[in-house]
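Remarks on the structure that follows.
Labels A, B, C and D are assigned to the chains in the order they are written; within every chain, residues are numbered from 1.
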Amino acid sequence: MTLIEILGHFNYWVFAILLMVGFYAVIVKHNLIKKLIGLSIFQSAVFLMYITMDKVEGGTAPIIQPDLPDQIYSNPLPQVLILTAIVVGVSTLALGLSLIVRINERYGTIEEDEILEAD
Amino acid sequence: MISLFGIFLLTLLVIVAIAIVHTRNLFAAVMLTSIFSLLMAANFFILDAADVALTEAAVGAGVTMVIFLSALALTAEREKRRTYTRSAGLIVVGVTAITLIYATFDKPPLGDPDAPVHQHVAPYYIEKTPEFMGFPNVVTAVLASFRGYDTLGEVFVVFTACIGVLFILDARRGVGSMYGRRGRGLHHHHIPQNVGRLLVPLIVLFGLYVQFHGEYSAGGGFQAGAIIATGIILYGLIEGENAALAAIPRPALLFLMVGGASLYGLVGVVCMLLGGHFLDYSVLAENPVTGRQIGVIAIELGVGMTVCGALLSIFHAFAARKHS
Amino acid sequence: MTFNEHLPALQVIVPLLSAPIVILLTPRGLAWAAAAASTLFSLFIAIALAMTTVTGTALTYDLGGWEAPYGITLSIDAFSSLLLLIVTGAGAVAIIAGKASIDVQIETHRQPLFYSAWLLALAGLIGMVISADAFNIFVFMEISSLASYILIAGGPDRRALPATFKYLITGTIGATFYLIGVGLIYMLTGTLNLADMEARISEVTSLNPLLAAAGFITIGLALKAAVFPLHVWLPNAYTHAPHMVTAFLAACGTKVAIYVLLRFNFFVFQANLPEHAVQFAFFLMPLALLGTVIASAVAMFEGHLKRLLAFSSVAQMGYVLIGASLLNASGLMASVIHLFNHAMAKAALFLAVASLAIRFRDLRVDELAGAARTMPWTCAAFVVGGLSLVGIPGTAGFISKWLLILSVMDHGHFGILLVAIIVLTSLMAVYYVWRVVEKLYFAAPRLSNVRVNEAPLTLLVATWIVALGNVAFGLYPELPLTLASHAAETLMEHPR
Amino acid sequence: MTPELTLITAILLPLTGAAAIAVASRFGDNIREATTLVIAAALAINVWQLIPLVMAGDRYDIILTEILPGLHLALHLEPLGMMFAALASGLWIVNSIYSIGYMRGNNESHQTRFYICFALSIAATMGIAFSANLFTLFLFYEALTLSTYPLVSHKGDVDTVRSARVYLGILLSTSIGLLLPAIIWTYFLAGHVDFVLGGILEGVVDGPQVGLLLALFVFGIGKAAVMPVHRWLPAAMVAPTPVSALLHAVAVVKAGVFTLTKVITYIFGIDFLFGEASSGWLMYVTSFTILTASIVALRQQNLKRMLAYSTISQLSYVVMAAAILKPLAEVGATVHMVSHAFGKITLFFAAGAIYVAAHKTEIPQLKGIGRQMPWTMAAFTIGALSMIGVPPTGGFVSKWYILAGAFQAGNLIAIVTIIVSTALNAAYFLPIIYMAWFMEPESSEKAHGEAPVTMVIALTFTAALVLLFFLFNAPVVELERQIVEQP
């Protein structure tokens, strides 16, 4: 097994682990901010999965170098998708945080179980 | 060598992620999240995704952290200690993990040039970009033209998030407590103030470079918007929100946001009026290649304006909220 | 190119691009007027498109002039047309009728932002419906979701906030699951275009990632569609949202997710995954049945009118899935038309609820006692909507129940069990609708409610238009039927 | 006016009438009640002018809309429906006259709602009578259920509402739970649900499924009150008496047996059903219902509840007659529908008159009441005799035909049931008549005299109809013959 093969599998394992860590935080944690942090790890894991598949052995970033006609380039498409996804992620976070701020104002807490008790 | 480095980074990533979830200090968790993003960005860079790395660094490590900190300042800094009895959650997580591992058993190996992803669609982009666009950054070409509609959607996602934050926080209050007393910023801390004053122009300059050089190297509207916004937020932290608002007042932010999104849409509509499809820039000039270049520059500008305006508006909305 | 050829693109662009403009219109009422005009215009576009697709033709539009699979394509067939009618129709009726209600619930200076979010939600849903690109669907899903969070968070009760947060977490998990699924398919096929995916997926030899992808996409969309047991976010979100938002989203929000789910499963996986059909039926059918029965039972004993209707929505979506998991054209037709008819019924009911809410502060069923004396028109519209929900002949709801039972009967002994369950849940619907109607009509009004009067005229007129729509589509169901039958055909045997 | 248009106006007249009553109520009670009477008279004229056409053998169709292939909203004029419509529309006039006395005499509240809902239920009844297929019929069937709920729960107190819920619950759940699946099943088998002479199911279904489908229909049509889905009828007795009289002696319950008769003759076809052994259970069930309901009636103390159980028993006569599946018995079924309608409405009118005049509801209270209310009790006696089947009343004629049909079929169960139940009928009616005329009233009684004059007129009129029907039943028989004797 060459190093790059190990790295290939390793990338996916890390993806799976990160996904689980994030997902765990979202489901199990009561603190709303912790939930959002978990959500962002969860999403980052997916970014890693996409970016992992764009790699071509011996390739470089997909910026065409006309003077090197035989150059291999990595796949640009997953990168574009993830650019979009990162922005989507931060948008969701911002909205979620603004909700948390308002929840804190109205309930005086950001712990989920205390909020449930309050109503 | 680079592979080894990659494995090192990934391991670190896992450790940081676990630490984030484990710590009860939310402030520490946010700081670690920022480190997490930087590691992720480095990792993306190793995987040849320069544009994504730049974005992750600017958005993930920069903007996200600032927003998180703003929210923390308004809520609580520590997570309360409690006993978790959510075995159901663990089961869900476990099932998802098993599915994922099951799914990746016979996926194509990393870097395999024969993998289907590298055989279909993508080669077309790499092959045709110089011919159709006349500039070398394929990512920008795909982002702005081939999949320009996605990017339009993306701009509107940012826009939506921004009006959402404004709506939910109802940002019409006075200057809040984030900047110290009376919004004076960090005047009494000389070192950060002076270092900051040096950095702010550089950051903004770099942002402008990223904006207008996106066709030739890594970068583009998103990254530029995020970077410039970060620079101005830094300025706000140093000089006080009032100064930041004096530099770019709220109406200007609104104009940036609305103007950017409208500019993008308008380019598309103009293409329609000139007889092409929506967002078909080739009709913008007599030479299709020139037309596409004009289109790409225009929409990248729109993207940069919206992202910058939206991020700043979001930041100000949080900052203006009084601690309850 | 002619104007007509641009219609598919305009369908999204009109509401999308009016959103930024609307937030600048601060003078009172102007934002509403602009948003209403924009929604109405998209409704007209949807109608124009339906006139074309009702003949069975499909429209495509290459954005940026790039052909699939290199660019993003919009595609509109009969199925999408039906959904477009639901989405734009619900959006237009709710916003035009709802000014009075929104004025009560949203402060004036926040209204431009609110209307902007409204347009974005509309544009997002439309974008999901007409996109032929898996990733583009994700982008527009996020626009619609974020905008829906904003709209729901506008509810005046503080409980709207945690409800929205829960929805945000669930929605994001759902969208991310979808993204994982799309990523796995992309990894195996190298394409994002749905039609291209289908063609290339048949050459894929390694099935494990593909099955996982199908699982992730189905679960992700089921979360968005509030399929039982993934519906927990829905009742609170619908209950505490502003009433007009409930009317809008209850009519079309979850339906678009179901639409994407059906499209993905029938277009991309159906022909390519061995036994996928069986698995689809095997997993979805029990969930659909359980969901219908349990949600109906909860609705029977629910005290709050909006929550009651929200649970009823979960139950009704069960019917849609029952039809779909029969995996034949008649079942699909029943479920597609039920999407439409249920939207009609729920829109009428929630509009009536919004009218009631203008006069009654508390929407618990007991508090509404005797409302029919003071608000006869509103309550009568509620009755019509309720009849349609139950499926009484002469209303739209009857058509879909009829077709559903008819297609279920094809399945022998198992079919009889299904008929029994459908009939049982219909009776449960009779019970929970009747509980409300009886309170409205035959209970003595509370002292505090004696002086209320009828809802504002615009709201009343709109409510009645939708209510009569239920009757009209119950007696003359040709348009939705034709669209639905084309839709079922394309889903079952679309050109390979 | 063309006959087709007449069919539509038959439904629209009472419908617009309801609106007219609502408007008229603003101008005072007299105007409102006059409106009701005018509408009722107009409807009767409208409907009756069709009788000669139908007698002449003409049939008319009108399709309002096609909802699904083979599923129409359509009206059709045929003898059975003609008979039912003529009966209901005619008795509405009488009942309206009676209602005026009853509602005023009792100082009832919500009188406008009462008249409006009454008009609505008549519209639904007309729709049922003229339905061209099961689907249209189902639509009006449900409309009838819903429009009568406010009438049943008229009093509005807790007990009334509880009973009204039983009424609504049973009727709605049986119709949606059983009748609708039966209709859909029929559509599934035959491709349409039109009423066609000779049936539409022959050849597409056989064996035990026929029995099952028949069961879905029989128990799904809860309005026919075949046990065990009869509970709603006693529950409905909480309604004001005019409601019980017209709706629960004529319109609603007759809609039930009418629908069932139509299903047997036009959906199954009597010949087809006769040949299917699996449909034989119906005979036992109806026979059981007749006898059990009679025995229960025997034990009732409350006059209206006793009449309700009597109705249950009499309705099953009609179903049983239809289930004998022989021409003479089918004629008997139809004739019995009419004769029972006249008889039972008279009985209810009398019960209501007693309630208004003397505030009596229990049977033991009726001792000697005949001397104070001779007209009322004379009418009651005539009605009771018709129930038992004594000549010269209409009840005799119908029993005659049913028995003849039973002999024609050699159906021993039917014969025995009729004989035994006649004895039972006598056992619960004759004591009342005896009490009313020949026993001394309680000494504490105050004199009260007759009920308001409009009520007396109405009940005398219907009692006269009972007697007249003994002689002039030929048109009904003739109409029914057109169905059963056509090839």
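The rule is simple: a residue touches a chain if its C-beta (ideal position, glycine included) is under 8 Å from a C-beta of that chain, and two chains touch if they have at least 3 such contacts.
What you see is a predicted model; the values in this text were computed from it and never measured.
Note: centroid distance chain A to chain C, computed from Cα atoms, is 29 Å. Centres computed as Cα averages put chain B at a distance of 32 Å from chain C.
Chain B has its Cα centroid 12 Å from the Cα centroid of chain A.
Between the Cα centres of chain B and chain D there is a gap of 76 Å. Multi-chain contact residues of chain C, defined as those touching 2 or more other chains: 135, 139, 142, 146, 149-150, 153, 180, 186-187, 192.
With touch defined as above, residues shared between interfaces to two or more other chains in chain B number as follows: 100, 104, 107-108, 115, 117-118, 121-122, 125, 147, 150, 153-154, 157, 160-161, 164, 168. Listed for chain D are no residues, as none touches two or more other chains.
Chain contacts here follow an irregular pattern that is not a line, a ring, a star or a complete set. Every pair of chains meeting the contact definition is listed here: A-B, A-C, B-C, C-D. Partner chain D is touched in their complex by these residues of chain C: 390-394, 399, 402-403, 405-406, 409, 419, 423-424, 426-427, 430, 434, 438, 441-442, 474-477, 481. By the touch criterion given at the top, residues 3-12, 14-25, 27-31, 33-34, 37-38, 40-41, 44, 47-48, 51-66, 72-84, 86-88, 90-95, 97-102, 104-105, 108-111, 113 of chain A touch chain B in their complex.
By the touch criterion given at the top, residues 135, 138-139, 142, 146, 149-150, 153, 158-159, 161-162, 164-165, 168-169, 172-173, 176, 179-180, 183, 186-187, 192 of chain C touch chain A in their complex. If you check the complex, the residues on chain D that touch chain C are 64-65, 67-68, 71, 73, 135, 138-139, 142, 150, 153, 156, 161, 165, 168, 172-173, 176-177, 180-181, 184-185, 187-188. The touching residues of chain C, when paired with chain B in their complex, are 1, 6, 9, 13, 16-17, 19-21, 23-24, 61-66, 69-72, 107, 109-110, 113-114, 116-117, 120, 123, 127, 133, 135-136, 139-140, 142-143, 146-147, 149-150, 153-154, 180, 184, 186-192, 200, 204, 206, 208-209, 211-213, 215-216.
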